[in-house]
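Okay, so subunit A shows up in both of these, paired with subunit B first and subunit C after.
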Partner chain A sequence: MKIRNKFTGKDNNLNAYVFLAPYLILFFIFILTPIVIAIMLSATNFNTLEFPGFVGLMNYVNLITQDEIFMQYVLPNTITYALIVGPGGYVLSFLVAWALSQLSKVPRTILALIFYSPSITSGVAMNVLWRIIFSGDQTGYINAWLIKLGVITEPVQWLTESKYLLTIMIIVALWSSMGVGFLAILAGILNQDETLYEAAAIDGIKNRFQEVIYITIPTMKPQMLFAAVMSIVNTFQNGMIGVQLSGSNPTPGYAGQLVVNHIEDYGFIRYEMGYASAVSVVLLITVYVFSRVSKRLFAEKEY
Partner chain B sequence: MARYRKSNINPKRFDRSQIKIILIILPLALFMLLPIVFIFSHAFKPMDELFAYPPRFFVARPALDNFYKLFKTTSTSAVPIGRYVFNTLMVTLVVVIGSVLISTFAAFALSKLRFRGKFTLMEINNAALMFVPVSVMIPRYLIINALGLIDTYLALILPVLAMPVCLFLIKQFTDQVPDSLIEAAYIEGASDFKVYQKIVLPLIKPAVATGAILSFQQVWGDIMSSAYYISNETLRTLPFFMNTLTSISNTIAGQGMAAAAGLIMFVPNLLLFIILQSNVMNTMAHSGLK
Partner chain C sequence: MKPFKSLVESAKTITIFVLISVTATFLLTPISVFADTPYKTFTLDGYGRVVETQSAYIPLTTINKAGEHSFKNASDMKITDDEQIYIADTGGKRVLVTDINGNLLRIYGEGVLNEPTGIFVTDDKYLYVADKSAQKVIVMDPEGEVVKEYTKPDHPLYGRGVEFKPQKLAVDAKGIMYVICEGNTNGIVQISPVDGGTFLGYYGTNITSVNFLDIFRRAILTEEQLAKLPKKLPKTPKNLFIDKKGLVYTVTQGGAQDNTGLRKLNVAGNNLLQPDYTDALLSAVSVGNYENIYVVSEQGYIYEYNKDGSLLFIFGGKDSGHLRIGLFQKAVAIDVDKSDNIFVLDQEKNEIQVFKPTEFANLVHDALYLYQSGRYEESREPLQEVIKMNSLFDYANQAIGQAYLQKEDYPMAMRYFRIAKDRDGYSDAYWEVRNIWLQNNLVTILLILVIITALWELAKFMQKKTQVFNPVIAAVRSHKKRSLISKLNYTWYFIRHPIDGCYGIKAENKASYLCANILLFLFIIVFLVNKYAAGFIVKTVPDGRYDIFSDIGGIVASFLLFSICSYLVCTINDGEATFKQLYQAYTYTFGPYLIIKIIIVLLSNVITYNEIFLVQFSNFCLYAWMLVLLFIAIKELNGYTVRETVKVILLTVFFALIVVLLIFIMYVLTTQVYDFIESMIGEAVYRIEQL
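This part shows the complex of A and B:
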């Protein structure tokens, strides 16, 4: 371990706290405190009008035993969505990054831009775009195209019919999943030591697949972990997508209802903030557990 | 069977073996690209092409009708569009500068200064990378309400200033600044702030650019803050306004306007990334999380 700031010889440089103060204060107020309040409120029946009363674990018990919508729609939807978009987007990011790393600079930069740009179509641009493409009447692009091909004869209400919404959400989410994590993986591969690959070729690596498994991934575990965390966070952060696409919360037939929408539904539409906070805490724990699992996978082993 | 040739990472020039990879990846790239091309194309469609049946993907005679209509509609509504544009630019500018400033300050301290609690703070920030802001929208609302920030610009600015990802990336990059340089400056008698300003800051420009892009992306398209913390229409931002516009855009003419609005939101984001992409890649090389 390096010894920092040997220069000033001070053990505890108080200026450090001055440099840290602005960040730490904002971090404390807007990130740490909200988490603590969410945990506290989740044990109350706060409804914004009356002073919150303590109800213990009641909200959690209700969530599991009473909330049919949560159990029947929100939970299965979220699991399906998260398991496909999270790992799917991540594997896709890795494969594309690996392929791009084999190209020379100009084609690589152009292609990287193409793959990255969907992730920066902020909420607005995205929802306009997909709502036009999946528009429910015969002038909708997907409808017109499928009718022309003879696959369907009547226009399909893609975004308001419950059986299609979740699938469309997953496609759109995968489309926009190659963000910061993808760039981190690409940069990680590009900065790998060329001599490792030469040594491996001599040591009997036989094909590209072995090369990826035995060299590429192990030598960039820290980047892989960073990308995994980013991918988990983005998956849950984009949970509003169903509401944006269908234009209503709750989504038609609860087909695209994810945990985030459930929080918004209870918190800002029904004002049952205590209950909504319990759902928030469940979400935070879920993200944490997923991140711990990735940490297990990509932790640098200490020798 | 062809003999195995080792991977050629980051080849200097184009050769034939790369064609294979491009051919495999091209269909996927097209799938990624089509929606982006579509929004450009749709935004420039004149009225008759928007109504055309069957609908055409590409615009035949590009026109500015949609943009013109977008501005005309908004000028008859209660708040002129200029006001939304001003709000958005102001909030974005303050957030980008502010978050980069506080992140570089904090990163300098965490990377180069010695103090108690340093490793704990770094661990906390690393854990906060997992933070999902939408999950705590209710407590955040209560805090902003308690601080009396509802219906002020500060409600749009303060909550998004501290970005754990920004601090993390900038701190990792600052670790690369050689200690010997900093040591020399201290021997010359420089203060901590002088070292930050004259030595560290100029050397971490790529990370600063990356932090700026990430905070720009977060604040530029932010709809939630305007929706929850602001009820005064004159303080709301452009993306929020455009979102209300698109949610009433079930008519075909409305879709053209919505596409124009979407394009206005998307293009600055894209340009910024194109301009700064080499800085971003440079920063991402140090993004390893242990």
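This part shows the complex of A and C:
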């Protein structure tokens, strides 16, 4: 943007930069610098005590070839989790937002707040809700219920048994997936032009489903894209569920170990910062690639 | 059980025939192992099917008398470490002790015992007898003096109205008795010798199975209504055995459905065993010298398992009145001596039959012994011998695979696991192979990727600067414009925009029969590739089996059936679509299959069970996508509402079933007519010849 200086009459970019400065400074300090440092550290063997020594791509090579935990548990778990929770949470957000948009203002606002709250209070909810529901003794809701129906004869350790943990994590994550993306979609639906629907009704749209397919989704592509990106980023970053549910890192039998847990395991338990940085750079790249893909899927395109 | 039974029936007739022919040629040919037994021996293959193998045990001799005393309704038998046989001679109200050849050594309990149904001999030769009608457990010292008697425990937890009718028993190293009582469904009665018999509790109670109906009932019925329903009681175990480690093995009749047929219980009474295969009427269990488990069923089938419950052999069978050695009328007890000979007591025949292991079984046992003591490397040799004798003995192939896996020779492990159809083992071995390959080739792969990207960028740059690729692009474009190619390309558009795509087919003439048939042909090819070239862990057909022609026929027939049926149903339901349009749209719905399935096939060849989710998830997406396309195609081409579409699809399925039924009836009738005419002609020819 070029702004003509009133007094000198010359073109001058300085004013624009001044206006941009608050954002740029914050972005530089809190986002760009850490990423750059992480990328730099990923090429070292930093252990938080000694000065980092340069090891080249050693960390990355080790990650793919030597780290059996990563290849055998972390990667498959993360992919499973992301593929179900990402699209699943996205679809769920859209459906709930659409359903809420059909309500009048007061109940809509209250319900939206209720649906949104799990995503910001996940730590509390985990302890007061899910750990009680899936408690491993016979007083846990699921256990008590199943025993009453005679499906099981003794309580199941839902949260520490490796075959159930990932499934429970996915359920919990879907429950708390209505985050910022959900609000964006809701806003998008509410801001739509009513006249479009009227016109469509005249043109022969018969039911709500057709309205959604032909009008709602096409007119809110930007919000859909934003929600998709948010949903992907969230699923990949949302690694704490498994640790919170099972109460240990690493999770029992690595059953609920996601990339974020792996990073934390190496970074803050073993203090292999260089290696942890390498894993986080890989995570960054994965998230970037997935956002690009969703951009191609949802961005405006002409045929 | 049923197929197995019929197998055994046919096996019997065959063996009888074989026996006759073998005895006829006995002088000319050496003894055939197969012909020696009046039964066939079976094992389980990697798919869990019962398959025949060579004899593992051959009948050696029978013992029907202890000295001069014959047995009367004998119902239990135990063999001690010094090879004395204790027989509970129930009808004779005594316990007979013989040596291994049937010479009488001692008689216990004459005049003391009433109905001895179960016995147990401790290492220091104390004899425990379960006397059913006396309702007592009687303990005798080696001289035959009664040392102790245990009657019904008066502990409140035992239950007031519950009778004490001891049937079978076992005693552990500390002298704690495990008694199975007739009609007591609470479990095995556990009595400690302390204070003249302390009831410790019920042990290893069987679990009743729960089906969906039960769960549903419990969810909706009230307490009163539930109380009126017949109660489900756990089944009482039939027999038990205690091994050197103090693990208790129980067999339960009719427990096969609840998975309680054969159980191996630890101190806490928890089951440690998941046998591959059990009989419905198991009557006794014993443990051999390699922790292998022997089980006999009432009809006389003897099962041998390894310690983890993998079935090794099935042999023996019911004697239908021919009094053949090796077959049984009612087998009630089984035990094994030090040299792996199996002794089985037959209550009806009142004799003990002895089976001797063949060389084949001995090799399997050697391998088992070495393998279980962790000497994988040494266990390979006997296993290879076993495979030389029977290359389809999957248990041995699998064990070799395991041995190679332990030795970290992964390619060989993969090979043997594949022969043994052991997908889990194969997956584990392949994971290692792939990991090693990645370690060696990762740098090369990265390099190739970088080079390809660089070349692509270079080409783009060149194009921008010099337009050097213009002729190529022009060629591709003109190619795309050609009618057939554009129609094939339309698949890509159709699968992403099915509603528009249907309009294109209907109004814009975007498709043709030729294009549709090409797509069908491609579908068949991809289907076959998927069926026969998928990775081992997701492959659904056995290796080396090809039914290509029936596959092609099946696909074409069912596709035509569905197209024609749906067209007919649509036309009488005010549908607007022509047959041509439906046919073309249906072939376009194969689009996702053609694209994704190829990727899945490639992927399935490089994945292990760790990543199996990828294949499952893409399959799910693929089929969901195809169904949605099919639904939209029917809906849009015919101008239906959702409800009408659902109705038409259900009608089509129903109609297709009717058509198949009709074709089947027509086929049966035609063959009947054909047979009739054929026999008429035959008769006529015969008559004419007679003239």
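Convention: the second predicted complex is superposed on the first by the 259 of 303 C-alpha atoms of A that agree within 3 Å, B and C clash if a C-alpha of one lies under 4 Å from a C-alpha of the other, contacts with A are read in each partner's own complex, and residues count from 1 in each chain.
Convention: contacts are C-beta pairs under 8 Å (C-beta built on N, C-alpha and C of every residue); 3 or more make two chains touch, one makes a residue touch a chain.
Quick caveat, the model's predicted, so the values are computed rather than measured.
When both complexes are overlaid on chain A, the residue A:Val260 reaches subunit B alone and has no touch with subunit C. Using the contact criterion defined above for the overlaid structures, shared-chain residue A:Phe30 touches subunit B, although it does not reach subunit C. Contact with neither subunit B nor subunit C is seen for A:Met169 once the two complexes are overlaid on the shared chain. In the overlay built on the shared chain, the residue A:Thr139 is in contact with subunit B alone; subunit C does not reach it. Of the two partner chains, subunit B is the only one touched by A:Ala38; subunit C is not. Which of subunit B and subunit C touches more residues of subunit A is settled by the count: it is B.
Of the two partner chains, both subunit B and subunit C are touched by A:Lys148. Within the superposed three-chain model, A:Lys206 lies in touch with subunit B and with subunit C [touch as defined at top].
In the superposition on chain A, A:Ser101 makes contact with subunit B only, while subunit C stays out of contact range. Using the contact criterion defined above for the overlaid structures, shared-chain residue A:Ser117 touches subunit B, although it does not reach subunit C. In the superposition on the C-alpha atoms of chain A, the part of subunit A touched by subunit B in one complex and by subunit C in the other spans residues 148, 206. Those residues of subunit C that touch subunit A in the shared complex are 207, 210, 214-215, 218-219, 431, 435, 438-439, 442-443, 610-611, 613-614, 617, 641-642.
Residues 61, 64-66, 68, 71-73, 75-76, 79-80, 83-84, 148-151, 153, 206, 209 of subunit A are the ones touching subunit C in the complex.
Contacts from subunit A toward subunit B in the complex involve residues 2-8, 10-17, 19-20, 22-24, 26-27, 29-31, 33-35, 37-38, 41, 96, 99-107, 109, 111-118, 120-133, 135, 138-141, 144, 148, 175, 178, 180, 183-184, 186-192, 194, 197-198, 200-201, 205-208, 211, 216, 220-223, 225-226, 229-230, 232-233, 236-237, 239-240, 247, 260, 263-264, 267-268, 273, 276-277, 280, 283-284, 287-288, 291, 299-300. Residues of subunit B touching subunit A in their complex: 4-14, 17-18, 21-22, 24-25, 28-29, 31-33, 35-36, 38-39, 42, 51, 53-55, 57, 101-103, 105-106, 108-116, 118, 121, 125, 128-140, 142-143, 147, 158-159, 161-162, 164-165, 167, 179, 182-183, 186-187, 192-193, 196, 214, 217, 220-221, 223, 228, 239, 242-243, 246-247, 249, 252, 255, 258-259, 261-263, 265-266, 269-270, 273-274, 277, 280-285, 287-290.
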